[in-house]
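In what follows, structures are represented as structure tokens.
Both complexes below contain subunit A, partnered by subunit B and then by subunit C.
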Partner chain A sequence: MWNYIAKRLLLIFVVIFGVTLVTFSAMYLAPGDPAEVIALARYGQDLSAEQIEAVRAAEGLDSPVHIQYLTWFEHVLRLDFGKSVISSDDILEEILFRLPATAELALASLFLSLIIAIPAGVLSALKQNSLLDNACVFTSLLGVSIPNFWLGLFLIWLFALKLPLLPSYGYGNLENLVLPTLTLGTSMAAVTTRLTRSSMLEVLKQEYIVAARARGLDERSILFRHALKNALLPVLTFAGMQLGYLLGGAVIVETIFSWPGLGKLLVDSIFARDFALVQGCVLFIAILFSLSSLAVDILYAVLDPRIRYDRHD
Partner chain B sequence: MSLLSVEALNVSFRTGRGLVKANEGIFLEIKEGEVLALIGETGCGKTTFGKALLRLLSKNVMIKGRILFRGRDLLALSRNEMRQLRGKEIGIVLQNPSLALNPVLSIGDQLAEVYRSHEGCGKKEAEKKAGEMLGLVGIDPSRKAEYPHQFSGGMLQRVMVALGLALRPALLIADEPTRGLDLQTKQQIADLISGLVKQEASALLLITHDLEVAEQIADRAAVMYAGEIVETGKAREIFSNPGHPYTRALLEALPENGLRAVPGQGPSFVNPPSGCRFHPRCAFGTESCQKIRPRLLELEGERQVRCLLFESTGKPEEIPDDAAKS
Partner chain C sequence: MGCNMHKKFKYILMFFLLLAVISASACIDGDEDGTAKGADSEVSSPELSVGISTDVNNWYLDKFPDGDGRFVWSQIYETLVRLDPDLNIVPGLAESWETPDDGKTWIFRLREGITFHDGTPFDADAVVFSYTEQAYVTQAVLRPIKSVETVDSRTVKFVLAKPMPLPFYLTHVAWPIMSPSCVDAEGNFVSPVGTGPFKFESRTRDQEIVLSKNEKYWGTEPELEKVTFKVIPEASTRVMALETGEVDMILKVPEYDVSRLETKEGIEVYRKLTTFTDFLQFNCEKVPFSEKAVRQSVACAIDTELITSEVLKGIGQAAKGRAYSPVMMYSNPELEPRSRDLEKAKTLLSDAGWKDSDGDRIVEKDGKPLKVTLLVSKGVWASRHSPMAQAIQAELAEAGIATEIEFLEGGAITQLENAGDFDMILRTGYFVWGPYPKHFFVHHSMAPYSHYSNATYDELVNAADMTADEDKQRELYYALQDFVLEEVPAFYLVHEEKIVAANSYVKGYTISSEDPWLNLEGVYIEEE
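Right, the complex of A and B next:
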């Protein structure tokens, strides 16, 4: 097991190298001169060509692009993410400052989606083709089809404008968390419900369920011990991937609700052409995503005795 | 005295292709402590019969007739009564142990669960009993924390036998317990099952297409073709002196008898052949076999045969020997 984890961590290193290389190149190719952006932020509107060139030399922007990238990567290995070219704030500090907001929203949405999806999916499978099942299938299809930006705006219209019950934006109070969580949680629940339902239907067809019944076990232990434990394995994988995705910041939802998380930070830094900050965010998100998928794989091995990673390595 | 008595059992499934009549007009009896082998080709309805006895079939099934177990009609029991009976009074070893065991529960857990559920044992006691039961089927009790994928096919079959006999049921149904095993393991499993049912004085319904195993351990045998019983009798007599042409064909397909396969394929269950269901494949068929549906004839010595050839004479010897060779 430890062998496996060590290998996966090495692999994460490779992933991060690739992801940041791609972002770095994309930012380099995008229109706009980074030196000018920095100079604008430092000296204001009236810029001379000399000022821009001075910034270019000072920031190392006159060296070839691959040298720039390698220099940056070397700093990152020493946990130095650099400073924002616009505000001069330390990037790692800024990211860590934003992380709690994103984590709060991610965990709340995941929790909401699971407490809706697992019971709904299981009930739907147990009462296959009943009215309840059809209602579940229809609702989740609806949920999958509605885009988040629409749902977010709709909830703001309904709960902040028509029935002024909840704030439409902001961060800090529990009531601020409600609308963004509803937006993200319900749309994730829609997908997870469908997955839980189909996984449960598949498991209920298995011969070991018939065998459990043949031993005279009661329906409760057949459902919870024999069926659910198997049916939730794919759901768990999916939830873990969703968590990884959410920890990277739900860009659209954070933007709609002005939620001060990583997603919003990334979007703002892209619009501001804050190259160093974009790089830092992407790097951090890639690490979070890789670690959470590693966590899911480890958890999977704990729950499913058939999976022992070391044997196949 | 008869432990299980099946009367006029019809089992059919409603499917998109129409009504699949998997078992028709079955009368069968099993006495206390008796070993009855139900033999026939794969797909003839044997497994359906075994599962029907415990009402384990899918929801689209229709079961008619009576299944009397110690005088109680199993088809009339409530779901809860049926649940209490399963495992406790009738145990079953389902086909294919690698599919019939839950992959994410250890075998010790799956066994202990039976004791906890039926006998209300505490955790400790249930585990102790599970360990004893594993020992009884020849598995080292220290392996109880292992999972199904860690066992070989033969060992898994032993686990299945342990699960089936855990509560010392009066009847054990074993569905193809020797399927897919090598010769030596097959013999061990057959010996294990017949030894244990004798020891526990349980009756055994052995569902198998393996005639050698059936011959070794069965007291009586019933031959099934296309969902019907075509012959029953004492096992020794059936194997030494088969009556129904299908039973003869099955025996001729054995390696030591020349490995002559039964010609043709099993019939459709949606539109079964007219008359005798075996007539399209029968070496002795006459014109009337295509029209008249034979009944199960009572012959001497507890023998029953469903064949028109026996109608007039009532003696199995009347099948001309030269015809059998042609």
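Right, the complex of A and C next:
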């Protein structure tokens, strides 16, 4: 097991190299001259060609793209992420400031979505085609269809304005976490509920469940010890992917609630052609994504004893 | 074995519980005062919180301060020359100024006894420091400055390469006077130090900027002890945070919320025309807009009054082609702007040879249909420009012009501009320094993104900017307004309105036409 984890951690390095290389190339291929975009941000509209060239030289944008990438990578190996070309802020500092906020929102939303989705999905499957099941299916369809920006604003309107219980925006207190978590968590729960339901239905048809019933085990232990544990495997995979997505992709919710997360930083820096900042964000998101998928794989082994990662077992 | 599995399952449950505990504990250690709901306590203390849309990304003169950061700058930093709320030029840190040679040399006499927030005296050296080579503005708009010299501790001399009305330029919040103590011995920026009514206390990235009263302020003493700028990027959230009382005042109120807030009890909405005007810029270097008749036809086909009343919910004033807002200097009150005249739009096209011969409702000339692209930026103005572009598209279609709208990101637009591969761009006003109509430079052939070249126009702009005599300057700027209305290098759509909303317990606020600028002089919180 430890061997496997070590191997996977090494693999993360390769993933990072690949992901950042692709991002770097994509940024380079995006329309617009990066030197010009940066110069416009720094000096305003009244630009001269010399200023654009000065920016190009100062930011190293005049060297070939592969050299630019390798220079960046070499600096990163020395933990030097550089400075933002727009604000001159230290990039590592900027990202580390946002990491706790991002992790907090992602984990809280995932937790909320699972505690809603798993019971709802299981109940739905057990009482298939009942009123309860239909209600669950309908609610989750609604949850999938409602866009996050609408739900977020609606929740602010309801819980901050009409029933003044919670702050409408901001970061720092526990109560600030509630509305963004509700927004992200409930919309994720919608998908997970459907997945849990179908996976549970699948498992309940399996022969070992029939066998367990034949052995006269009580429903509870059939359900929890045999069915649910197997049904959770695909849910776990999906939750891991969702966590990875949340770490970098919650930009809409972050914007609505003034949540200082990585997603908004990444999008803002892409628009500003802040190459080093984009690269820094992507790198951290890639690491977090890889780590969360590693965590899922480890949980797999814990959950299902048939899965073993070491060959010489 | 079953028991063992059961145990493992418990572990998994515990793992998720642990996640919950971690995420809960991670948020508890945030500080208490920051974003707590404070409507009840803030009413009685002289503190103001203001919701803005972006954080301050830069505090120093080596770069252009972007977005709403400039509203924060206007509390900390001051300029040599100031503007009153109606854009009249008034003394700022300089008490008087003169030009002995019709605008090529400017001598500013500085106010005495002013100190920066950290006690550094404000003197001629600070002015020189603020306009050295490292200041980005001396490489941009103020490029004509050849030298800035100390005459004595209270007198500064600016020598320019050509005559220009420098005092107007020096009103701009983006290039104020900074203390030499903003930087350390190596020239690295340390902290923002200005002379303004409020001084910098702290900043939490993307959350808030806290300023406190400058006890030694030279002007009218501020009534407020503390001003906190809260960063709330989403406009709808900003409005709701105002309504809940989490913030006392918000800037940049979205158009669709204005009429609702105006009728809401407990909220005051302040509106005033600013110095900016949205416009439709043509690529005059390429067919079809190289033809004046086609540009004029577009100008006749678009109903700016309808756009203002319907699309923008009555926010702003229809420009009808008038190049700049009536609040601006030398704005000609007699100017007769255009009104929509669809018949004239069609006649102009058919006289120029554009006719619809195949009945597809799009006019053609030499077999080529009149199809044009309209670029709209995805930036901060998108929410207003996107419906405006659609209205323009529909109105042009009635005249027989097919418009394709392209929503692009800033970099993509500059690329198309450089390649000349576009027909129209929807822009918000720029090159506006206070009331002074520097904006005409936008269509000068030397301007970076002008797409227009006309020798008569260039001469008029040069002459107007270099003339020191007020009457003559007025005459030249009147001529330019007529020129733009007739020749249409761009069609001007809407004079923008600045909108600030505040809770009614915020008293004494006077909205200024200057934008971006937030005037908190005389603002106080009424105790209940």
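To be clear about the criterion, the second predicted complex is superposed on the first by the 262 of 313 C-alpha atoms of A that agree within 3 Å, B and C clash if a C-alpha of one lies under 4 Å from a C-alpha of the other, contacts with A are read in each partner's own complex, and residues count from 1 in each chain.
Going forward, a contact is a pair of C-beta atoms (placed from the backbone, for glycine too) under 8 Å apart; a residue touches a chain by one contact, two chains touch by 3 or more.
Being a predicted model, the structure only gives us computed values, none of them experimental.
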item: Partner chain(s) touched by A:13 [first = subunit B, second = subunit C, both, neither]; value: neither
item: Touching partner for A:176 - first (subunit B), second (subunit C), both, neither; value: second
item: First, second, both or neither for A:28, with subunit B first and subunit C second; value: neither
item: Partner chain(s) touched by A:230 [first = subunit B, second = subunit C, both, neither]; value: first
item: Contact breadth on subunit A, by residue count: subunit C or subunit B; value: C
item: Partner chain(s) touched by A:258 [first = subunit B, second = subunit C, both, neither]; value: second
item: Touching partner for A:210 - first (subunit B), second (subunit C), both, neither; value: first
item: Contacts of A:303 with subunit B and subunit C, given as first, second, both or neither; value: both
item: Which of subunit B and subunit C A:218 touches, first, second, both or neither; value: first
item: Where subunit A meets both subunit C and subunit B, residue numbers; value: 225, 229, 303, 305
item: Touching residues on subunit A, where the partner in the complex is subunit B; value: 206-208, 210-218, 221, 225-226, 229-230, 233, 303-306
item: Complex contact set, residues of subunit B against subunit A; value: 51, 54, 56, 83-88, 91-92, 94-96, 99-106, 113-114, 117-118, 147, 149, 163, 166
item: Subunit C-facing residues of subunit A, complex; value: 30-34, 36-37, 40-48, 51, 86-88, 94, 97-98, 100, 103-104, 107-108, 110-111, 114-115, 153, 156-157, 160-161, 164, 167-174, 176-177, 224-225, 229, 255-258, 260, 264, 271, 273, 299, 302-303, 305
item: List of subunit C residues in touch with subunit A within their complex; value: 2, 5-6, 8-9, 11-12, 15-16, 19-20, 22-24, 26-28, 30-32, 34-37, 57-58, 63-64, 66, 136, 139-141, 143, 174, 189, 205-207, 230-234, 236-237, 240-241, 243-244, 246, 379, 408-416, 418, 430-431, 447-449
